[in-house]
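Each of the next two complexes has chain A plus one more chain, namely chain B in the first and chain C in the second.
== the complex of A and B ==
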């Protein structure tokens, strides 16, 4: 436990000593605020257009179903932010293992008596913690804006839980890529490619049968995080991202052990 | 060999996939590229393994196999974790209006079905509404899997693939649902829980009761549409299994013998004595009476109710806990959240309020010792009744008169009485607007009205909270943009600004180190 704590402290120090962490935090927060405000503005415009006095006012049933906070604000913001996360998170994860390997400090770490499992747990914990911090900071403005309406905060929270899990899912892929190479650029590029591939297997529907397409959909990141945008928090979706983390941690640990054995 | 194979594999796979994406179809060229690319990647992996195994000392080969097995075990554990969780899926509904949490009435409707229910969703590609509807249908399917309820099968069909269905069911657009039970079916063109519930109920077999609605003295009309009409209540009662018949009470001298209940909605003109006597005889004979009164009118029905112990002086309820309605005097539209424990108020409470638009109150005085009188819905404790509030200053709460008694006044009262021929149930509302098309779907008015009628007609098993349908969704409220802009300039941009500042300082420190 002491080794784990020491490693977490060291990882945090390395992470927050790098301007990349702040750049990622800033980018995601600014993008979230601007995207959310822009969609909120459009939503209000549409709502007032349909509810204007010559169309019946707010009490009438003249507002189309599709103009609502979920479909006009939450869902598009979540979709756009989900795709946006495919870029900054690989920048964050690329250095976690690849940098150690490039600098040769991984050998030092693996021969210091700390088990590979502890190393993996510490690095995963810090990376996931950073993703959570990033989404928590991004949540502040949307929550403040929605809270003024008095409703919908739990739904918005569900959206951000989904985004946080998506971020952790991308980070899982990124950590595996980082553990398999010593080139940070290669790690980042592979992460973007793999995460994009796993994001949505809709493209494969054209040449897959319905059963195979269903299987691929079950593996896709998008299907699992999109349900959070609808305000539905499901154990199965949590389990999907937990399974992704378990698989990634297992693969990274094996990669570290393999390197230690193969020299 | 590993490096070149990996490179070839990646390039071929990427180009094959990109070719398929660009053309929008699977060509032999793209398929061959992907297949050869994947084979090259597999060969590269194998080559790497063999090479490492050869290079490794023989003593390390065992542990290396162990590493591979552990990696495979991690993947299997992940798969099992996911598969296991999918089996015990218990979604939590955090939507604004509990959109995917079925109401008690929907669950009860599923229990009443004689055969399995098939819900078929008709779609056009790219219709964004489909995912919500599909999830709602999944909620019905999940409810159908629970013990005691009929199975629910969900189908999704592309409209262009089933043109015959389009004609047969009269489907007008994508996102329509056809509910089928055996050979019977109903089309739902705006699928929400409420509309699906009504379709499912119409396909089930429910014991029907005949409910007569008085007409002829300016009563509320169950066939009249528009905000002043009561057609919404009529439709809801029919969906609940009641057969509705009109009874011209002003000229009738008796309530028909097949009547399970009599509904009298706020007569505007005085009822003849014969009609009042017919009501009394009907109740004395054990019939159920549901009466809606309005302040400022006196049709004689008030006297009949008073005779059974439900006196209602012609005074207006003034409640500071009232809905502010434009153009109305404040205080005259009580929002009730105080309920007695009674079947008619099932599920209602502090956050499930009912809304009355101008009401009178009841005073309960037993006519016979064995009578059971209950106030079931109350105003707030700060309310009073006023004999004449019209003509007061609009926009200002009326001042309490000298004889005002601040109290929890009864807005809805019930009575169970026995006058020889059977035990009768009476329900009396101090306001008729609560059941009108304008207000029936407001807050929990529909639940209160329907459940009170169910109770009066001794249909307690039918009492349930009903799904909401129609009206504006809860998630269509405006978010004040000006304040949102202030939030953006505050938290929305201040936090990134601080982060940039810290990041810049870190970078400067690194550069100077």
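== the complex of A and C ==
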């Protein structure tokens, strides 16, 4: 446990000593804000058009039900934010293992009496923690504003959990890619490609039958995130993201062990 | 793949190193390591006594670093076996690593950490926490004359100081075996002298395995040495006798050798 704590402290220190952490936090927050205000502007525009064209004012019954803060602003913003995470998260994960290998510090870690599992656990914990922080920072303002518009707290929490799990899912893919190479650029590029592939297997329906395509859909990140976004908290979706994390950690541990055999 | 190994010599040795122990024994028999078709180390058999200062000599690419990595459990042998304090690094890497301090040729450090923070991290990796960690860090700062740079970023240190930090992290937990790989490589004469003084000061406190191609360093710091050439042991004996001939460099390159003890 002492070694785990030491590794976590070191990971945090190295992470926040790098400009990438701040750049990623800032980028996600700014993108969320831009998305939010753009949708809010469109929402206001629609409201204004309906109100002015029907001369009934903003309380008029002529404004359709589907024009509301939840459907016109919050859901599209969260949907697009999920897709937006495909770029900054690989920037975050690319260095985690690849840099250790490139600088030879993995040898320091793996010859200091600490098990590879502890090293992997500490690195995953810090990366997931950072994803949570990133989601919290970018989520607070839109969520706070939308809370005034009638979306319940439990639903907001469900969306936050979904977004965080989606971010962690992408991070899991990124950590595996980082463990397989010493090139940070290669790790980031591979993560973007794989995460994009795993995000939505809609393309599979073009080539495969409904049953096979359905299997791919069950593996897609987006489908599991989408249910959280709808306010549905399902154990199956939790299990999916947990399985993804466990599989990724297992692959990373094997990659570290493989170095003992391959050099 | 590996030859049959003997049983552990003494079950009591399975625990942590005994306090006050002057060092641990290293034994290898038929130890070999291949990387694909390339033979990095071939059938190495030798024994280093507890508390001994032992030199591993050879030109670049002779197999010294491969031998170290087999000792630390970072690599697995392709043939033969190695024991440190009666334990196999292949099977009981963590217990072996708890007995070892390792200083690689290029210091494996985190440039974004400050010296004190890095040493605290190294102590944490070795399972030291609270007061014992603070005490170990303070002692390391004093022993390796790092007090004046304890608050500086490692990335801003000179090569000589970085090497001292690397030595300090390796000696943090009072190892029974200190492995030092080319400790003065790339240093200026003054820095070389400082590092040699530090290493001479550690004599008798643990078993010292010094890998070097610097003959003066070997003469000064080791009592017995082995010479490797292209992965094979070509000479083993008293350092003074091995390097006392008219052309000791011939040992490295395969020229005519005078007065060399046989392996």
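One rule holds for everything that comes next: the second predicted complex is superposed on the first by the 233 of 263 C-alpha atoms of A that agree within 3 Å, B and C clash if a C-alpha of one lies under 4 Å from a C-alpha of the other, contacts with A are read in each partner's own complex, and residues count from 1 in each chain.
Assume a contact is a pair of C-beta atoms (placed from the backbone, for glycine too) under 8 Å apart; a residue touches a chain by one contact, two chains touch by 3 or more.
Note that the coordinates shown come from a computational prediction; the quantities given were computed from them, not determined experimentally.
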| query | Does chain B (first) or chain C (second) touch A:41, or do both, or does neither? | reply | first
| message | Quick check for you: in the superposed arrangement, does A:249 touch first (chain B), second (chain C), both or neither? | response | first
| query | So, does A:17 touch the first partner chain B, the second partner chain C, both, or neither? | reply | both
| Regarding the shared-chain residue A:103, is it in contact with chain B (first), chain C (second), both, or neither? | second
| said: Can you tell me whether chain B or chain C touches more residues on chain A? | reply: B
| request: Report for A:157: first if it touches chain B alone, second if chain C alone, otherwise both or neither. | output: first
| query | Just chain B (first), just chain C (second), both, or neither: which does A:9 touch? | reply | second
| task | Find the residues of chain A that appear in the contact set with chain B and again in the contact set with chain C. | result | 17-18, 261-262
| said: Touching residues of chain C toward chain A in the complex: what are they? | reply: 33, 35, 69, 72-76, 94-95, 97-98, 100, 102, 104, 106, 108-110, 112-113, 117, 120-129, 169
| What part of chain B is in contact with chain A in the complex they form? | 17, 20-21, 24-26, 31, 52, 55-56, 60, 63-64, 67-68, 70-71, 73-75, 77-79, 81-82, 84-86, 88-96, 99-100, 128-129, 131-132, 135, 190, 470-481, 483-485, 487-488, 490-493, 495-496, 499-500, 502-504, 506-507, 510
| note | The residues of chain A that touch chain B in their complex are 16-19, 21-23, 25-26, 29-30, 33, 36-37, 40-41, 43-44, 47-48, 51, 58-59, 61, 63, 65-71, 137, 140-141, 144-146, 148-152, 154-155, 157-158, 203, 206-207, 226-227, 230-236, 238-240, 242-244, 246-247, 249-251, 253-254, 257-258, 261-262
| field | Contacting residues of chain A [partner chain C, same complex] | value | 2-3, 5-7, 9-10, 13-14, 17-18, 103-105, 107-115, 259-263
